[in-house]
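This is the structure I want to talk about, given as structure tokens.
Note that the chains take the letters A, B, C and D in the order they are written out, and that residue 1 is the start of every chain.
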Amino acid sequence: MDGPDNKGLIYHVTGVLFRHGLNIIRNDEYVSPSRQFFMRTEFEGNFDNEALLNELQTTLPPGITLRINPKKKKNIVVFVTKEHHCLAELLIRYAFNELDADILAVISNYNVLQPLVSKFGIPFHYISHEHKTREEHEEAMLRTLAIYEPEYLVLAKYMRVLTAEFVKHYPNRIVNIHHSFLPAFIGANPYRQAYERGVKIIGATAHFVNNDLDEGPIIAQNVKEVDHRHTAADMATEGKDVEKLVLSQALKLVFNDRVFIHGNRSIVL
Amino acid sequence: MDGPDNKGLIYHVTGVLFRHGLNIIRNDEYVSPSRQFFMRTEFEGNFDNEALLNELQTTLPPGITLRINPKKKKNIVVFVTKEHHCLAELLIRYAFNELDADILAVISNYNVLQPLVSKFGIPFHYISHEHKTREEHEEAMLRTLAIYEPEYLVLAKYMRVLTAEFVKHYPNRIVNIHHSFLPAFIGANPYRQAYERGVKIIGATAHFVNNDLDEGPIIAQNVKEVDHRHTAADMATEGKDVEKLVLSQALKLVFNDRVFIHGNRSIVL
Amino acid sequence: MDGPDNKGLIYHVTGVLFRHGLNIIRNDEYVSPSRQFFMRTEFEGNFDNEALLNELQTTLPPGITLRINPKKKKNIVVFVTKEHHCLAELLIRYAFNELDADILAVISNYNVLQPLVSKFGIPFHYISHEHKTREEHEEAMLRTLAIYEPEYLVLAKYMRVLTAEFVKHYPNRIVNIHHSFLPAFIGANPYRQAYERGVKIIGATAHFVNNDLDEGPIIAQNVKEVDHRHTAADMATEGKDVEKLVLSQALKLVFNDRVFIHGNRSIVL
Amino acid sequence: MDGPDNKGLIYHVTGVLFRHGLNIIRNDEYVSPSRQFFMRTEFEGNFDNEALLNELQTTLPPGITLRINPKKKKNIVVFVTKEHHCLAELLIRYAFNELDADILAVISNYNVLQPLVSKFGIPFHYISHEHKTREEHEEAMLRTLAIYEPEYLVLAKYMRVLTAEFVKHYPNRIVNIHHSFLPAFIGANPYRQAYERGVKIIGATAHFVNNDLDEGPIIAQNVKEVDHRHTAADMATEGKDVEKLVLSQALKLVFNDRVFIHGNRSIVL
């Protein structure tokens, strides 16, 4: 739940759960400096979803948004271009039941990763952007997505910018991995930029995609030390390990319904 | 508060606070695998401490331990031997009101740090251990402590082992910084041990002191990379920066009443 | 090269290379506190391997050990038990030509990872330890290894102790990943031990295997923060990401001939 | 030494040192992708500085820059504004002979840090910028610097931009600590910017000062994790520990003559 802060919010919610005999396993809340209240409550027991939701809503002041999410795997489609490392990380986790999601399909604008995907028995859709306008390409992808109706799209090193038109089909449901410590090195070739600037640390950022390039709410970041010996290519190689782990870490949070969005910031409870 | 887990604990506590018109700023709880419940609630407003405590206690099932701590600086005494870096860190933070504690005095078994302490106008007690039995030495320190009645003792590189007899005067109120990543390298000369073992990372550990050497609940740890070029002395030099920051970080948690003790483990809420 | 330190060692070696018209790309040297000299020189150009080695040896004082290693992939066999994460990391890197090694075969005392290995077209040998003495089991493995004649064995979460008899077939050529920050938590169930001790950081260690359990020269280590919420099982899950990256990082160093062994310590040049 | 790469550079230099009976303790070299050669050689023994320099220069091809720096403490002046943490770190290290430099004086545009500096017996010059043009203010500071003739200026949270005119008096001899992970958050209020962007990691950067704000060669960087609970003020508090250690780490490298400048990048040997 989230909404304007008010006295008694925790009390009212926990009261409803208590009267229903439900057991709270974990409860985390946060009040922003702007007095916005966020709470995530993990509970177990038997209940009627709609009835509980109604009772909670009548107990709470207006303006509070409430969701009850059953603990279940999310359905996702993964977008890639040519680089394998993030995709492979997701495929291995999926194959060994460690992803908290089912990968319904992989979509790519190149076919180089088809052999990898086929090892894992997952549909691979090669939708080239060549000889297509950006709109035609995205429409082709949307037609393919319509088959799968995924809850989330994961951009696992998908190297093309998505239009605002496309993004609005999946509001706050597209997760991207960017190969820099945002907001440093927005845009193309961040490792080249990092090398030119002579940084001593490189990083990666997983974030929700909104209309502005590399500008959505950040979910997770991590970094790795480099030194003058690292060429831009070396940084890219070293960076792959950071990218794939940051993406996995962010997806774990998102797929377990632990991420709230507050303006351009993420609240992780 | 902490005690055996039970349905409704959060509800009961937040209900009492709600009825008193008190506003919860932050609420964190944790249930251990052994079903022990811990909760730390930060709230603001006007109330009678004893009345509120009584009402909370009657609302809750037996076996729950409750404390209401006003937000205030702790009174501490710092123990040192010859090394300055942790002490200096505490003195500087204290001088600039960043310590969440008042340093009432410094006690040392050597007098080498007296000039540093005197710069900050804090009493320095040189209590040599020479020509004294361990018991005589500790009795002398206890007599000095009786002047100040500190709430916490901070061992900021105090290089002597305290007896169980001494420790029981300050149960869970002595914080030590050990210059290794415990439980690796318990005991003397941990950097020498680390060098001999050829580790690639060194660390420091802040922990509560109990009867067994280097065995109390860990509050905070941090690490730093080293390589084959680091001699034991180099590791000791590099390690100082880790030690002083880990100690400061741990004290910030302890002095803000954020640390619960559960067996030999710490719960930080 | 390595051996007792002496004036002029760098001068003599670089002189020979200079007279042969060879170009030094990278040169790193280290002198230990015990006055042992280590140098790794990367150079390019055309030369006769044996002639160059002879000339270098006659130029240098006795007691210096010299090797000229061509830049080429190493041949390896991977040992596993039931856990997939380190093996999968190696397989993916191998499949995309990022391993600096060819995986000739995988040997396991269980058959659970056969489906994963078969996706990558690599021979999988299931050699159960059941109904065999330790010696019989190791002899069976040695017979299989004789087919492949690997230069290195990689224990990618192989959960059985190897005998000194077995190890001496591959002196300083067996790399193991141990799931703790050694020397903390030697032996079985390190995450359980870490949980019981209440540590705030977990780690993993890649090391050469010698006769003593978890005691060989450390090649690489890394760590990850945990808190009181992590059960031993959670630590094991989080630790997998550290383990697989530390192993990969160590293998990159070993397979590029960057690791010297000096007593129980590794020198990485 | 540094200059265009050429075969035999290491050989020629080590040959001269060998013939002089000098013992190389440590030798590090680096060749950039643009074929620029850098080498730092630590050696011990008795020699005539000018004669050795001449002989080295005649042995080497033209275009190579050579310096022989005796191992000695640097003379520095520290600039501050109001924040104490970086200055205090330097003062404590200086007081305990851990700085590799002598602090000749502290200059500030406010007088708030005078009491701290006076504890350590170091001259404090309060040179207010009020009622002065930028040029007048800098001229006043240059007049004070003329008394001390420092080799390096350290900007330990000096919150005013220096003009190109001022900087050219100390080319590559001014070290600044910037409170962000550059190039993210250039300019004022980086923690405020970091908070607004919702980053999950904050950082600090020590760099040489050149004409462009926050744009000189980076010497060292480090980072610290934050989360949604950190306000901009909390980030500033947490960031102080990173800032002071990054500055100390960078100064240790600079004062030990380990940093070469190559365009806008630093080479640390």
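Note that in this section a residue touches a chain if its C-beta (ideal position, glycine included) is under 8 Å from a C-beta of that chain, and two chains touch if they have at least 3 such contacts.
None of the values given here were measured: they were computed from a predicted structure.
Under the contact definition, chain C and chain D share the contacting chains A, B.
When the partners of chain A are compared with those of chain B, the chains appearing in both lists are C, D.
Taking B-D and B-C together, the chain pair joined by more C-beta contacts is B-C. Taking shared numbers over all numbers used, the chain A to chain D interface scores over half, which places it in the same class.
Centroids built from CA atoms put chain D at 35 Å from chain B.
Between chain B and chain C the centroid-to-centroid distance comes to 40 Å (mean Cα coordinates, whole Å). Touching of two or more other chains is recorded for no residue of chain A.
Of all residues in chain D, those touching chain B in their complex are 84-85, 88, 92, 95-96, 98, 116, 119-120, 237, 241, 245, 248.
Residue ranges on chain D touching chain A, taken from their complex, read 30, 32-33, 181-185, 196-201, 203, 217-223, 227-229, 231, 262, 264-268. By the touch criterion stated above, chain B contacts chain A in their complex at residues 7-8, 10-11, 14-15, 17-18, 21-31.
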